[in-house]
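Letters A, B, C and D name the chains as they come in the text, with residue numbers starting at 1 for each one.
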Amino acid sequence: MNTSPPPPSSTCLTMEEIHMQFGGVTALRNISYAIPRGIIQGVIGPNGAGKSTLFNCITGVLHPTMGRAVYEGVVLTGKPPHKIARLGLSRTFQHVALFSSMTVLENVMLGRHPKSKAGFWATGLRFPGMPGEEKDIRERALHFLNFVGLEREANHPAGSLPLGKQKILEVARALATEPKLLLLDEPAGGLNMRETENLGELIQEICGQGVTVMLVEHDMNLIMEISQRILVLHYGETLATGTPREIKDNPQVIEAYLGEG
Amino acid sequence: MSKKDWWIFLVTAFLIGVFPLVVQPFRSVSHYVDVMVFAGIFALVCIGLSMLMGYAGQISIAQAAFFGIGAYSSGILTVHFHMNPWAAMPVGAALAGFVAWLLGIPALRLKGHYLAMATLGFGVIVNIIMNEEVKWTGGPSGLVGIPGLSIGGREIFHELAWYYLVWGFVFMGLLFCFHVLHSRVGRALRAIHEEEAAAEAMGVPTARYKVQVFVLSAIFASIAGSLYTHYMAFINPSSFNLEWSIQFLLMVMVGGMQSLWGAVLGAVLMTFMRNEWLHVFADQEIIVYGALLLIVALFVPKGLVSLLPRLLPSRIFKSSGTREDES
Amino acid sequence: MLTVKSIHTYYGNIHALKGVSLHVGNGELVTLIGANGAGKSTLVNTICGLIQPRKGVIEFQGKPIQSLPPESIVPKGIALVPEGRQIFATLTVEANLQMGGYIHRHKREQIQEDLHRMLERFPILNERRQQLAGTLSGGEQQMLAISRALMSRPQLLVLDEPSMGLAPLITKEIFKIIQELREEGRTILLIEQNARAALNIADRGYVLETGKVVLQGEGTMLLQHQEVQRAYLGKGAKQIVDA
Amino acid sequence: MLATDLLQYTVSGLTLGVIFALVAIGFNIIYNVTEIINFAQGEFVVVGGLLAVFFVGLGFPIPMAFGASVLVTAALGFGMERFVIRRARNASILSLIIITIAMSMIFKGSAMSLWGKDPYVLPPFSEGGPIMVAGAAIQPQALWVLAVSALVVIALSIFFHRSVYGKAMLACADNANAARMVGIPVRQMVLLSFVLSASVGAAAGVIITPISLMQYDRGAMLGLKGFAAAALGGLGNFYGALAAGAILGLAESFTAGYISSGYKDAVSLVLLLFALFFKPEGLFGSSEAAKLKKF
């Protein structure tokens, strides 16, 4: 379980001059950055800095106007999101995007999709092996529910959970795909202090299991406490990069957040 | 399938099984068996449409066309090529599935109104072809001389036999769909309906699933069409026009989109209405249909099945095939 | 002019505003600052009628407005420059401005006059007046959003995060415009994340944190206040000030 | 002979085309404000035509019958929005589709119970036999169709691009929340869009009835072809609708003349499918504007 600091060459994800334009508005301006394997990478920046746009460019929801994202040597840009997910990237959404009428367990079971095979004919005609696979999906899903501590809510409709638990459920669903890179988009948004602390522990635990985490967050306490490196975006550009300590002392960052003096 | 679903399945199968024994002794309702043969055929179409619309959330106003492709495939292959009806049926189903696949790849990239219009347009085109290719289809006056179905060398004449045959198909179709729904495929379909972006992000190839469930619905409609052809022994294009596509939509809506049982209930109810109860309205029939559709869409968007738990003492219908929440 | 008395607003089950009170006097520039998720935008939406508060009173010039829809609040004299600009992307710049003056549609001359004033004030908009508004850059869109709001000749101008997503130079320009508007004697409520810039030009300010006003006072006074930094940068913020 | 046929088909194609264009414009008006496709649009055309027949039967002169028919149909559009669509404000797109289909069935059924299943004809707007041009016979009514359509298109175009209310309707379509924030009453604009759209549909119905008769069940096909023109021209684009309508009308008329009259109805639909599949922003839809719209 113990992780040794990754050697500098072992990058998990590389962004190469990603540029995104919407009409006359430039949302991202030539973002280049490499995320080392096995760390918690924080991404911060004021509202509208382009954090979610960057996420969407990496996960295939948006196609950057220029530039590309490369994951473990594979170019992501141009691939549809479901193929990117199968490569081992999983994500949560800024605005909760659960399947709200499905149960908590079913939501996590859906996360097992890339790890199972049965199609229409196999499931409809109950091919041999199909029930076994279904059982396996259920067991693995329960395992991830246990991991995040939602096992008691397994049979509730996901939409009936309070927001804090919905956010955790999204993490569990993303984990169920067994990602090597997990992208979390403001997971602490709407959580109270205790929930946020628990979430921080959970994220560290996930990282401890060898998953690289890319974390967009507004909660400064959380991000400063758990991330090893931070990327600061501002008006679509890279403003600063470094360790939490360096970022805290960076006058430009202070200025971006509090405004110019 | 969950325990509840099994119970409903068995109870329904039992009710369907004894239905003829109950109505046949009474002259005034003995022809209900015949009505129920049609209801079963339409139920088969509706089960497929429910998979597409209720679960995967994709609209189609072209089901009558696939119903017709099955019907005319069976008709043409048996009349012009003297093929065995049982062999013609899967050929029709394959053809309908193939056409749905060809249409579905571009069409299912569209959403909402655009998809509705594209399927509507396709349905009308198919109907025009049925009317125009007189050499094969007999044109507007129809195709005659279609043989019946036979089992073990004996043709099925008795409508009771037809009744059990058709409803046998319905229950097989239901079983197939229930298995699909309670699996990773079913979850993926429901996920596409609720949050397509999230489903895609979890590795569900949403485009492929949408096309596949469209093909499935076309195959169901086509098999129903084949059964219809052999039962009627005569077909003409007016049974497969736009009005019928809307009828299927209506059946699924009235019964309840998010439930396979709703599809069956809607098909049975609407078939009886059409054949038995709405005749009093004569020419105003279509207004009644329109009003019914409007009332259901406005006030009972989850269909009659959603009202059943309130009527029945047990909560048996709750969460069986019915989904709790719908947007 | 505007008085908000202990309003409570809910988003579904989320208690977003927990008894917020504030007031804006005639001719004042009041700013409302706070980190993301503090409830700033909820407050704006509540004042402008997009959401109804569950409890509390909002008075504008002595009359309650908390139960009115937005289209009835605009004619009373409140104009909003919404968060994320929300210009009519598929309409031309000129049409956007004309729509800003919708409530004065029967006074053609006034609209023409105002339109010319806006185009004079922002020459870049004049250059692009026949272009579709969606093709403008972020800063230009912000200028358009501000001038569209001014077209209704409001007594109170509400600006929701006008600096959002804009480069520092452009942010500076926007703030210069806000300052000019204030010097013209307009009453302004400015909602900002960019606390320093906002407090620098404001008469008074309120600091919002998790749905409550935690601090209020004169702009320059708040600027010195350590709590303001805490509200933004979390509990580690002291180090920053020390550093 | 060849040239004469060509001219003849061209004229009848264009006449047909502008009717499609008017139906398409009806779709566009409602779509522009609400992003709803009104499946009952074809029924407005049928009702408009049949109402004109009714008023002429009462002894109204043609212009008055025209006006009365448009007014009554506009009232139907008003009622449809006010009492049905407005109730479904929070409905899903699927429900909205079903609801407008249901409305089309109700209109169609009502037309059938009021007028029966027979086709009706209106006298042409002006007296006199066909005008002979290079051997081709042109009905004077065809000229009326072209003239009235041109008038409607010009009037609507001025309304949407010059008048405050027209622009306000476009603003609602662009961003309803922002429209409310500048004081535009969005609900009234939606209501206005249904009224306008019904009126345009009715006008199309009245001018076409003297040429091609009117019957209770023609709504679906007229609606589909009108939608084909709207989609081909780029949804929301009036001039695009006009051009696309003309293309479809010509295609249909030439197919009927040179290939097979049975397949003439299929031509527009095939073109519709091609437009939807390969160029959903339409032939004439500005791709720049389409990018700015949220699809």
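One rule holds in what follows: a contact is a pair of C-beta atoms (placed from the backbone, for glycine too) under 8 Å apart; a residue touches a chain by one contact, two chains touch by 3 or more.
Nothing here was measured: the structure is a model prediction, and the numbers come from that model.
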Set of chains whose contacts include both subunit B and subunit A | none
Select, from B-D and A-C, the pair of chains that is joined by more C-beta pairs in contact.
-> B-D
So, in whole Å, the Cα centroid of subunit B is separated from that of subunit C by 55
Would you kindly tell me how far, in whole Å, the mean C-alpha position of subunit C lies from that of subunit A?
-> 33
Cα centre of subunit A to Cα centre of subunit D, whole Å, reads 49
Residues of subunit D that touch two or more other chains sit at 291-292
What residues in subunit C touch two or more of the other chains?
-> 89, 134-135
Where subunit A touches two or more other chains at once, the residues are 23
Looking at which chains touch, is this a line, ring, star, complete or other?
-> ring
Which pairs of chains touch one another in this structure?
-> A-B, A-C, B-D, C-D
Which residues of subunit D touch subunit C in their complex?
-> 164, 167-168, 170-171, 173-175, 177-186, 288-289, 291-293
Write out the stretch or stretches of subunit B touching subunit D in their complex.
-> 53, 57, 59, 106-107, 109-114, 116-118, 120-122, 124-125, 128-129, 131-132, 242, 246, 249, 253, 283-291, 293-294, 297-298, 301, 326-327
Please give the residue numbers of subunit A that touch subunit C in the complex, ascending.
-> 23-27, 46-50, 162-163, 189-190, 218-221, 224, 235-236, 248-249, 254-255, 257-261
For subunit A, which residues are in contact with subunit B within the complex?
-> 59, 61, 80-83, 85-86, 90-91, 93, 97-102, 106, 109-114, 116, 118-120, 123-126, 130, 133-134, 137, 157, 159, 173-174, 177
State the interface residues of subunit C toward subunit D in the complex, per the touch definition above.
-> 48, 50, 69-71, 74-75, 79-80, 82, 86-91, 95, 98-100, 102-103, 105, 132, 134-135, 148-149, 151-152
